[in-house]
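Given below, in the form of structure tokens, are the structures.
The same chain A turns up in both complexes below, where it pairs with chain B and then with chain C.
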Partner chain A sequence: MRYALPTLSDETRAKHAAKGWPLALLGSALLLVSGLLSWSYDDRILGDISIRFWPVGVQIMAMVLGALGVAFALMDRGPLRRVGNWLDVALGLRALSTGVLVFVALVLAAIATEAGGLVNVNEGGWIALVGALLMFVGSRFVPQRELGQMHSARIPGWAEILVIALSMAAVLFLAAYLLNQDDAWLFVLGLAFIIALSMGLARSGFFTWFGHVAQRHKHVLTLAAFAVAFLFPFTQNGSDANMSIATQVLIFAATAIGLNIVVGLAGLLDLGYIAFLGSGAYIGAMMSNSAFATIGWKPPFLVTMLIGAIVASIFGLIIGSPTLRVSGDYLAIVTLAFGEIFRLAMFNLDGNNGPKLTNGPNGIPGIPDLQIGSFNFGDTHNVFGIPLGRFSNYYFILLLLIGFIILVFTRLNNSRIGRGWVAIREDERAAEAMGVNVFGLKLLAFAGGAFLAGLAGTIKAHQDSAVSPDQYLFLESAFLLAAVVLGGMGTIAGVLIGATILKLMPEKLRFFSEYRLLLFGLLLVLMMRFRPEGLVASRRRQLEFHDEDESLAEEVEDWHLEDVR
Partner chain B sequence: MSTAATAPQRTAPAIGAPVVEARGVVMRFGGLVAVNNVDLTVHEGEIVGLIGPNGAGKTTFFNCLTGMYKPTEGQVTLSGETLPPKPRRVVTAGMARTFQNIRLFSNMTSLENVMVGRYCRTSAGPLTSILRGPKYKREEAATRERAQELLDFVGLGDKAEHLSRNLPYGDQRRLEIARALATDPKVILLDEPTAGMNPQETRQASDLIFRIRDMGIAVVVIEHDMRFIFNLCDRVLCLVRGETLIEGSPAEVQSDPRVIEAYIGGGTDDEEEQA
Partner chain C sequence: MDTFAQQLVNGLTLGSLYALIAVGYTVVYGIVQLINFAHGEVFMIGAFGALSTYLLLFQGQTSLWILPVMIIGAVIASVATAVIMERVAYRPLRGAPRLAPLITAIGISVFLQEFVRLFYDKIPGTNFPSAKQRIPFPRIEGVTGTAFEAGGVVVQKSALFTIGCLIMCAALLWYFINRTKLGHAMQAVSQDPDTARLMGINVDRIIVVAFALGAALAAIAGVAQGLQNANINFKIGFTAGLKAFTAAVLGGIGNIQGAVVGGLVLGVVEALATQYVPGQFGGSAWKDVWAFALLIIVLVFRPQGLLGAKVVDRA
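== the complex of A and B ==
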């Protein structure tokens, strides 16, 4: 494979093939059984893992990983052999076992630090470790098999829809579970579990297959994803702590998708994008009912939203029209400067140095909650007996906004305009020579992206109940861009994942926040080395990053041919 | 020069009104005069060849015509209107081109490549694209249909969903022609359309160019393959060191001793151009 670390030679593998498979199966089975045993003498750590036959938390995770390992092994040889014709079981098993080893090691480390020393680890923990080691060693010797064409792997339509529904339910369950962990160790272990699981599934090609299924049932997938997102507040029992984080994630994600139009579709590097969110937020604040609002006119909120968005897109046009003639690094520098100019302008428009619009460094505090009709966003409403608080209200309106932004993104992408953007990215001079309005399309991306960020900004002002210049630092722009690059340029799902990772981590892991810049930097460097196209890559983007990879080009072509069939 | 066998498609062209008129085009890069006072007139339904040794300024002249360069002096008119030095405006006015080194959008499919060519003839804006309005639907369907037609025309109809980077070389050249045709040009400029092709592909290419001419589109071709040029063209212009050496019918140009001299530089070393 492309980025495999140094591995065994094929001859060594073939020689020991007979021993590898039983070892891997045994290891997986041990892991599966270990979940039923006692992992620690101490019943106060990681949610009481000392009781036998009563698996909780990490034990259940270990069992799930073990079960996947057993399933993989049985797909290689055994009753599930037919599935193994499509999934690359050997690679999946190898990746899974690596993840499992890290996971089990982390569990033991957690027990050791929480309870004071490895002596507290009971038999379950050690058996899990042995199982993980056996899996790790055994899976290295499982030879790869000849695989069928993935896009011809079919199961009945209802089963495919069931797979989508189950996957979405799993996502909802995992998200709710993770967010409800107050114990930092459990959160980290949950992440390690998810990473191990997805590594195994990704390398086995399950996600590729899932991509094909999703392609065939686009609407079902979209609907299921929105249903899950919509149901999320109902899992929180009125707790505001997680909903507050969730709304922040949504605002961040909405802005990042807007930025993705500029960066991912039109291919323009914008380092000052937060200024557009900021101009929307300031407009929202200035026209709100706050005692510190500086504009007397108080139109209905939808009008304010529109004005905020239009002002932001005018800023986009102002900054764009002279600068879009330069490209690449120069554009990045100009937009970076624009972001700073915006912040400093907001800092100084306090009546001393210019018109009194923003109250300078004090900002505009005390913005009341939104009121649309008789619905006040500050109130708690009971739906089916489940209380939905202030943040849940904002969560729902932001969900609507994100839906709108996604609609704009995908529909522009699948139109004449989207084709023009791709052409510009591929070869700007050829695009110009074929009659594509290069300058106009770039400007449209810039202004359109700004418009969407402006919309998000007006809601953000009410949700934060205050705006001030220090919310709109360059760092925020950098984080937005990081979310786009990390998740995958030009994709929706990728940016949602990227935004969630970048916003959720520092909130859940307070100890981590001191090192977050260091760790994000490290993460980005690793991504650029191993997967420059991002976690969820758009097919075309993937090709652009792996220009010489002919097998990838063939694969992408198969996708296109399948679309037609 | 070897004598060319007459191609069967060759019919007496019905020469119409001038489409392209370039007058006194001069292109200087600092002290270097790449194109010096070149005139060119192309009539409706005419195929004009542009030949000359490497570095004679043929491609530079093309770039001046299509607005990629702004000529230092001189002007280019299309159907009587002066062309601005903006490639996009030139395409909209009705002059399309292909490139010497193929410049397809390599990660797009053949169909998408040709659809990009339709960009300047369609006008669905962002609003109707987002709302999926009637205009969007109508235009999108028409664009797709026209692109497929053009792919069929150049013989790539069954490769619509193939990525252009995966196409064989000859097909890429033909795809570039289809993409240029998608802009509904009055005149099409082909920069070495048969470079790197085998004899059979070259025959197909000249067949294709005749068919383009029969659609009523004027064609200007840069080429080094003399047999190809003298078979194909109604008129040939020979450029040497940026200046017009001779302009005339293929027979005239072919028999002119100065052309032979320009190509083989006095007649000792390089004779491959005559092949």
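== the complex of A and C ==
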């Protein structure tokens, strides 16, 4: 069932088709020009938007959106017409203009609240609004065109790689820009900008094309993504505030990718996954040099890491063993019960109610920073004159870890094991009949996922410098699951996006942290209702949720045929 | 012997509470094969519904006749929540892959908890206390207050109330399922929804009835919980819901007698474990662990539950 805004009938659209295009072009051009004008009399708000011919922040965003609009319009009729044979310009323009309208309205609202009233809006703001409205109305009348098959759209190989590099650079730039906004309004406006931009690009089919390009240049894309992630700390000028958030995002993402093996690939719902992160963290803490550590043996960190991961995967085996007889919802509940048992056990093992291992509710504080060789993670290091602080150090080691986890994930996904998991996910009995070792593979999924989470946990213990049972509530497992579901099950990019959204939002939007959980619950419900396959869905998955969609089925078929060729 | 009898009574009290909530899980599961993870929150809202009724109408009074009115308030709050939940969140997902409703349920559960926590004191036209701390539950003459002793066993009045509620609800439920038209329709739908639809049964309506029935029992459990613990908070639903689900599985999910039996067994096991597990792993600190361990053991060795004969592997 699709819910869409009421749309125009084809007849009305055909009748006014001639007027729509110029309107949309004019609107986009106005938006583009408006960025050069003054938006407000007040020079203290939104980073001084009062000076003419000196676009900053939101004005640049408006110009980018306007430029995209102009480009779309010129793809429909004009010099870029050939591109329009592939991209669905009409849909792109419609989605873009809707986003633009929201964006401009938000800017005006921001000016009104920050400077006190709409009187403070200068000509630029109003022209942008007029442009957005013209775009919105005009794009509704632009007719859709017959499109070519996207997977046969080709540009020279070097140009495709250039597109990848540019996209990655844009991602880095946007991420650094957004994170550096302390002003809540600028952050929100930045988000609105990104949403408008990606809505336009997504509806026009650009991302589909990008997906094909990424498929063709997988290694380039991976390398570019890692280069961007690697460069990120250098954009922070030694500030640790954002790096602290970034490391949290990475730990969360690493764990979520581990969970994605269990849930996304093998289709086993695990509601106690945080316990594996927790067992890694507790092992890391108990074997650390903290004064409260309960184990006398202090092996080098790499050994601790391995022990933590192995302990976690033993727990994984234990929790996986009921899968022999239990499946579906029941398994979910077993894992939930296991997660609760873990938390309660950590809470109780304080010497009074059991052996003294975890110090009970107080946890193990004062865990010193990591020291590998002569490299201490607590120190600030200067690289090319840019200071990299404590969190940057952890960021790099986590980046290595996440690279390893992604490698494991993709290699498993494309292996005999991964195909076995997918077979189990789709139909356990059929898989068994085909000779798939169902029980063994399920156990492997649990143990493997737990191993990765355990690795992340040992680092987390040092980075947080404390562990305590209340970090491992059921809610945290639910958050992990939400990251997987939100981003798209079984995909890497999706989970990374999901994890970033779930960790970044509450940090950046402090005023919203009170309502964080409320919105989180609502988000899960709405997501399942309207886009159960997640933001970045693997095509197969999408088809599972929309099996009545014939054109999607054909597309998936084409995609796979192309793979075979 | 006295300690044993005492723990038995404690266990039965606790178990009655679990049983009342567990019926809700089992009824819904029997009909739509859905684990309504948010059922614990329906129970919590029942407790808050009773509290609100009291604060609005009877502030400061303690007479016994208030109790039925409070129960009605609780039932209205819970049933309304459950019915809206079914309509808005679950019904659109019917036929979707099984993961979807389960994740929705987690979402609803978090949402309801937070909703109560954030907005309970902001409901217009009332001045309820903030739900961010525990809220004292009203004392009612006859069902709270000093305990009495019988043969060396201390029995709280509220415990008698809880057990009494369970007995009455079980009897009414039995009558409803086996003697009324709607009850027969429910049985038919749970056996075979497609055939039931062909026989002219409005399946959608039956599903709503199942949700409402479970919610009503959970609401009564909510009142009983409030009277027993003398205070309530927004978090009571999570643990109670999980335990009740354990009870439902223990008895055999989908089987209503099973839920009652499972609840009582779970309560008794918990109480006895508190008393009789020796050494450091005994005592109340570990009782939840034993309850969950029991759940895992039952699922591994007898997944159909103590009484159930249902096939577990429906996924």
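Here, the second predicted complex is superposed on the first by the 557 of 565 C-alpha atoms of A that agree within 3 Å, B and C clash if a C-alpha of one lies under 4 Å from a C-alpha of the other, contacts with A are read in each partner's own complex, and residues count from 1 in each chain.
Operating definition for what follows: a residue touches a chain if its C-beta (ideal position, glycine included) is under 8 Å from a C-beta of that chain, and two chains touch if they have at least 3 such contacts.
The structure presented is a predicted model; accordingly, all values stated were derived computationally and were not measured.
Three-chain overlay on chain A, with chain B and chain C fitting side by side and no clash.
Judged by the touch definition given at the top, the superposed model places A:L162 against neither chain B nor chain C. Contact comparison for chain A: of chain B and chain C, C touches the greater number of residues.
Once the two structures are overlaid on chain A, chain A sits at the apex of an angle of 70° toward chain B and chain C, using CA centres and rounding to a multiple of 10. With both structures placed on the common chain, the touch criterion links A:L523 to chain C but leaves chain B unconnected. Using the contact criterion defined above for the overlaid structures, shared-chain residue A:F474 touches chain C, although it does not reach chain B.
In the superposition on chain A, contact is made by A:A337 with chain C only, not with chain B.
By the touch criterion defined above, A:V383 lies against neither chain B nor chain C after alignment on the C-alpha atoms of chain A.
Judged by the touch definition given at the top, the superposed model places A:Y515 against chain C, while chain B stays out of reach. Once the two complexes are overlaid on the shared chain, A:N437 sits against chain B while remaining clear of chain C. Within the superposed three-chain model, A:I51 lies out of touch with both chain B and chain C [touch as defined at top].
When the two structures are aligned on the shared chain, A:V485 is found in touch with chain C, with no touch to chain B. Here chain B and chain C sit at a least CA-CA distance of 12 Å once the structures share a frame through chain A. The contact surfaces that chain B and chain C form on chain A in the two complexes overlap at residues 544. Every residue of chain A that touches chain C in the complex is listed here, in rising order: 1, 263, 267, 269, 271, 321-322, 324-330, 332-334, 336-338, 340-341, 344-345, 347-348, 352-355, 474-475, 478, 481-482, 485, 514-515, 517-518, 520-525, 527-529, 532, 544-545. Those residues of chain B that touch chain A in the complex are listed here as 66, 68, 87-88, 91-92, 96-97, 99, 103-109, 112, 115-122, 124, 126, 129-130, 132, 136, 139-140, 143, 160-163, 165-166, 179-180, 183. Interface residues of chain C facing chain A in the complex, by the touch rule stated above, are 35, 89, 92-93, 96-104, 106-115, 118, 238, 242, 245-246, 249, 280-281, 283, 285-286, 288-289, 292-293, 295-296, 299-300, 303, 312-315.
In the complex of the two chains, the chain A residues touching chain B come out as 407-408, 411-412, 415-417, 419-420, 422-423, 426-427, 429-438, 444, 448, 540, 543-544, 553-554, 556-557, 560-561, 563-564.
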